[in-house]
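You will see chain A twice below: alongside chain B first, and alongside chain C after that.
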Partner chain A sequence: MNKRTVYPVWFVILPLVFYVVFFLMPSIMGIFYSFTDWNVRNRGDLSFVGFQNYIDIFTSEENYASGIYNTLKFTIVSNIVKLIPALFLAMLLQRGLRGKNVYRTILYLPAILPFLIIGLIFKSVLNYQDGILNVGLELVHLGFLKQKWLSDPEVVWKTIYMVDAWRGIGYVMTIFLAGLNAIPDSFYEASEIDGANFFHKFIHITLPMLSGTIMINLVFGITYGLKVFDIIYVLTNGGPGRTTEVLTTYVYKLYSSGQYGMAVALNTILFVITMAAGVLIVRGMSRKEVEL
Partner chain B sequence: MNTKGKLFQTVLKHAVLLFLCFLVLAPFSLVLVNSFKTKSEAARINLSLPTEWRFENYTEVIQKGKLVQGFTNSMIYSAGSSSIAILLASMASFVIARRKTKAMELVYYFFICGLFLPVNYVTLSKFLQAMNLTGGRAGLLLTFLSSMLPFCVFVIKNFVSSMPSDIDEAAIIDGSGPIQMFAVIVLPLLQPILVTAFILQFMGVWSDFITPLYLTSKSSLWPMNLAVYNFFGKNTSHWNLVFADIVLTVLPVILVYLAGQKYILGGITAGSVKG
Partner chain C sequence: MIKSKLPKAFLLCVFTLSIFIVPSLFAAGTQEDSSGNPYAGKELSILVSAGWMDSRYDETIARFEETYNVSVDLQTVPADQYGDILQTRLLTGECADVFWIQSNPFAIESVIVDYEDFCIDFSGSAWESVVPEARLLSCKVGDSLYGLQLWHNSPEYVMVYNKSMFTEMGLEIPTTYAELKDVSAALYAQGITPWFIPGADGWQHQLAFFQIGGIYEANHPGLYEGLNNNTATFKDNQTMLKVLSQMKELSDLGYLGEDWIGSNSTNMANMFGDRKIAMAMANSSYIQQIKDETGTTDEFGLFLLPLADNSFFPTNPAGPTMFGFKGTENEDLVRLFFDFVCETESLQEILDNSPAYTNIHVNDDAVQQHWLAEEKAFVDSITPDQMVTPVLQTGTKYTNDYWMDFGADMMSYFIGRIDANDVLGRMDANRAKSAKIAQDPAW
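Here is the complex of A and B:
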């Protein structure tokens, strides 16, 4: 049988063309344009400006560098805030709790909603004056917990993590649940006979058996975190001031104001960070496979 | 452990889970209840039932929010790009998985890179403008379908690899060409993973906000998402209408979720246990 005729190459080439032209090429072209003075006025003739856009990013009064810091911070914190509770939730549901599927269906529900919608809903929930959260806190005599959830610079990041967790925990939990279901019950039963307590079982069975699933959650979580846009754009649009500005929101602002060269330079920084994260993750994953 | 302790533990578990379900469902009911209220009543956003049920909110928002147009656009973007991407990804995955050469493995990893990389919307939007692709729906469709290829190739290729290749050989011996074999024999066998990928991508496009934000200039091309956002911008104080708008926008995704739950959760399981 001739592989060449049975499995035609154009089956691969055609999708590849779409992928390269409409996905990869803009990113690669962006790297090139980040070294030019591209802006809304000089479409036709660009001139090469070397690293000027990058220098501007780090020296500008706009403090774009804080966007890099905030992006990394969001990626790390939001993942910790979601992964740990989600793991324990999955363990709660793991072994034949009645109503397991109903719980799972409900807890996963926020993950299917558009971020935009979640942002709008929480804008109303978190409103300082009439929002149901503050009103509810007053009602149960916890008024001292009231906050300016979206306008106090000290609080606003916590609010974003909270909303993000509201959306994401059920999703992460579902992935953990799949991983937990793949651990044979006999492992736990055997260790129970040996007198292992909850903590022993967790450290010696659950965690090691779950390493692949944890990795998957990290991959999804890290790539999501680095590229986060919608939820911040809708909830705070980078505010108050520049407190919650991340790379993608800065890129959009620069794009809207016609400073394309700066915008693509900032996007290139994001590109490099995601590449680096991707390489680290893939290397970590292949090491895992070798161990197995 | 004694039975009393076990019972206590079970009760505690249910209490925790019920509380969490309440936290998840409360905002949903908030939106639903307030979408039927009058403007002034909905201004004090709370969970009490409306004193007067205003179903007109919905008809009003469908007209004012241009929801029919938004729904049509969303449907075309979601269904169109997902189906084309899945067909293309199946073709690529099939040949990549069967040929098993070094070059094909490279192509596979080349696709997988796209799972991590951010799209450069700035250059993409200018590129589409230069290609005259921003006047209609084609630009967005192409963007969506291209950006979902990495994920689709990732899951479908894994699925093809687990399928025996004797089937293709039998088909070829029977005298069918590659296209016929692919369409008649391979695609039906891939059906479970294709349904999963389709539902996930469909919901992904339906929820996508940043792509149309960058790439559509005309309001007639907006998907529902963007229409809602714009409506909110113009009617910030009309929470009743904004909520009605939200209900209509999320209803399709919730229906798809409830109907296709098996496939969605199955897809997550397939993707995660493999890795």
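Here is the complex of A and C:
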């Protein structure tokens, strides 16, 4: 018979107090402030302005709406460019590949570097005139592939995705590896006896058995994508022009220019989007669990 | 066994702690007393944007550290991030002991805003007499003195050009936009970047628009007053629209550099020295820097930026200015530092360690200035009428506060994302926001 230990309810009081004081209350106060004209001048004397900050966000000449669009775009694309290669790399490195542990380490290493360092390194590497990438392309007679990596509006997003993937693939791959290791070999062996090829095994065994892992990576990826700031701030600071501005860079700029009410309103929009994404993911996961 | 080891472990801990703690207590207790120096061991932090101090203050700071047995923590932030970081740190009360802003007669109220909360009041300090009257306008609000501005008085951000190259190619100094375009075409045909603008710096490309404030005022008399009274706008200003379109045309033709939007100014002096570029907006004293850094034997000269056929000098009695943070725990040390840098020896050091500047604008005849012949000749060629209008960014309220935003909008225009009038309209909208925050009755 299993012996169950029952802990008293008051054990949760301390974490609950921390949660309420340091998360719930600031969040609710933030939403309240988004309906005021709070700025650097009137810190102690706020006026209620209704939805004016939200109206300004969608009608302002500043085009904050493009920041919302860019945030969503980054969230979707950055996940695609990380998840798919990471899955195939994980499958490759899970097999009996020689030196696979070395490859795993190498692929994971960028994930431990701070974005600030990565941004500064890549800013140098991607310099059009004398960056290593363009100079290297010239050296191997591939000069036609040279790009204005960080200053051409048609290229700059691709560059950001590339740098982001370079850093993030190893991390995603590690989670996939854990998921792959949990799939019993007997499933594959049985399917091989039935004549299944690689494609069949991938579709009918690997993917379904990895659905939980994929969902975990999606949750991490989506929350990361919606909150993205540092990589963009360091690499482009929202430029060229406003091409790569995202919600968080706008929030930061509004806050630092003393427009707190607007900054909080924009942050509230980000909060709503993140919450909506969270609800959708949780529902998706619950449904999947029921199916399984 | 374990029991017998415990006293040893305990003794080892006590011994180790005593090694580290006792001497430090002893030192802390005696350092001040033995020297009689109340500042000993203190740290002064300075928050500054790249380019405002560089290495010019290094020698003075080292002497300050040595004289008072203190340390100085210099926190230099990239220019395009400085404004955001400064505001954040001021508002959170986490600012450095000394901070800098790009000041002008309106900046203390519009950039720092709560200057009474954030700035140490230096009124009555002896160093006030060192700062020229014209510069004190950027350092004071009413009668209260907050900032210290030690800056040069050379022509700022005019066109520096390679005179030798022009002579060899038979080119004349352009005085109109048409002539600038022709000269640029000739240089471009030789594989030379005619007018290099380091767009990636984030703050340089705006200079071409704002430094020619005189032509805006001349073409639209009363514009400055109108902008300050909210009876005029940037939007629909035909001269401003013309300047933006001319810059875009030069950009599209490749005359500003192949990737000027992604290039910074780090290598600009070398590019001048290597004859890869022929013109750039810079301070007159930059000529000396090019010669010193590259060893070139080429001659360089100066001329007024001829966008919109401008013929006005960029008069600008403003510049980077340092302030003491009121929330500091080291106010006495901050005051001491301000006194220290205004001593003749420090002023001379700062000037002598400024390869980019030939003079320092201070009321101290003992300081030996290093004016260049080229800049003297250039300034002598300017008539008083050409110098009467200040540059747009410091002659009008709330404009300089949006320098970086305007720069980003200019870039959006250059890459074809918005129209020129949108750039101007956004400046109006931003200025209105600042005016509203400042509760300016004109808005």
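Criterion: the second predicted complex is superposed on the first by the 281 of 292 C-alpha atoms of A that agree within 3 Å, B and C clash if a C-alpha of one lies under 4 Å from a C-alpha of the other, contacts with A are read in each partner's own complex, and residues count from 1 in each chain.
Keep this in mind: a residue touches a chain if its C-beta (ideal position, glycine included) is under 8 Å from a C-beta of that chain, and two chains touch if they have at least 3 such contacts.
Predicted model only: the values in this text are computed from it and were never measured.
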{"item": "Which of chain B and chain C A:80 touches, first, second, both or neither", "value": "neither"}
{"item": "Chain B versus chain C as contact partner of A:153, first or second or both or neither", "value": "second"}
{"item": "Touching partner for A:127 - first (chain B), second (chain C), both, neither", "value": "both"}
{"item": "Larger contact residue set on chain A - chain B or chain C", "value": "B"}
{"item": "Contacts of A:60 with chain B and chain C, given as first, second, both or neither", "value": "second"}
{"item": "Partner chain(s) touched by A:237 [first = chain B, second = chain C, both, neither]", "value": "second"}
{"item": "Partner chain(s) touched by A:277 [first = chain B, second = chain C, both, neither]", "value": "first"}
{"item": "Touching partner for A:203 - first (chain B), second (chain C), both, neither", "value": "neither"}
{"item": "Chain B versus chain C as contact partner of A:190, first or second or both or neither", "value": "neither"}
{"item": "First, second, both or neither for A:255, with chain B first and chain C second", "value": "both"}
{"item": "Shared chain A surface residues [contacts with chain B and with chain C]", "value": "127, 130, 233, 252, 255"}
{"item": "Chain A residues within the chain C interface of the complex", "value": "39-42, 60-62, 127-130, 148-153, 233, 237-243, 252-253, 255-259"}
{"item": "Residues of chain C defined as touching chain A within the complex", "value": "80-81, 83-88, 91, 113-114, 199-200, 202, 258-259, 261-263, 267, 401, 408-415, 417-418, 422, 425-426, 429, 433, 437-439"}
{"item": "In the complex with chain B, residue positions of chain A that touch it", "value": "1, 3, 5-9, 11-12, 14-16, 18-19, 21-27, 29-30, 33, 89, 92-93, 97, 99, 103-110, 112-117, 120-122, 124-125, 127, 130-132, 135, 166, 170, 174-175, 178-179, 181-182, 212-213, 215-217, 219, 223, 226-227, 229-230, 233-234, 248, 251-252, 255, 260, 263-264, 267, 270-271, 274-275, 277-278, 281, 285"}
{"item": "Residues on chain B engaged by chain A in the complex (per definition of touch)", "value": "10, 13-14, 16-17, 20-21, 23-28, 30-31, 43-47, 88-89, 91-92, 94-96, 98-99, 104, 107, 110-111, 113-127, 142-143, 145-147, 149-150, 153, 168-169, 172, 178, 181-182, 203, 206-210, 213-214, 225, 228-229, 232, 239, 242, 246, 249-250, 253-254, 257-258, 261, 264-265, 268-269, 271-273, 275"}
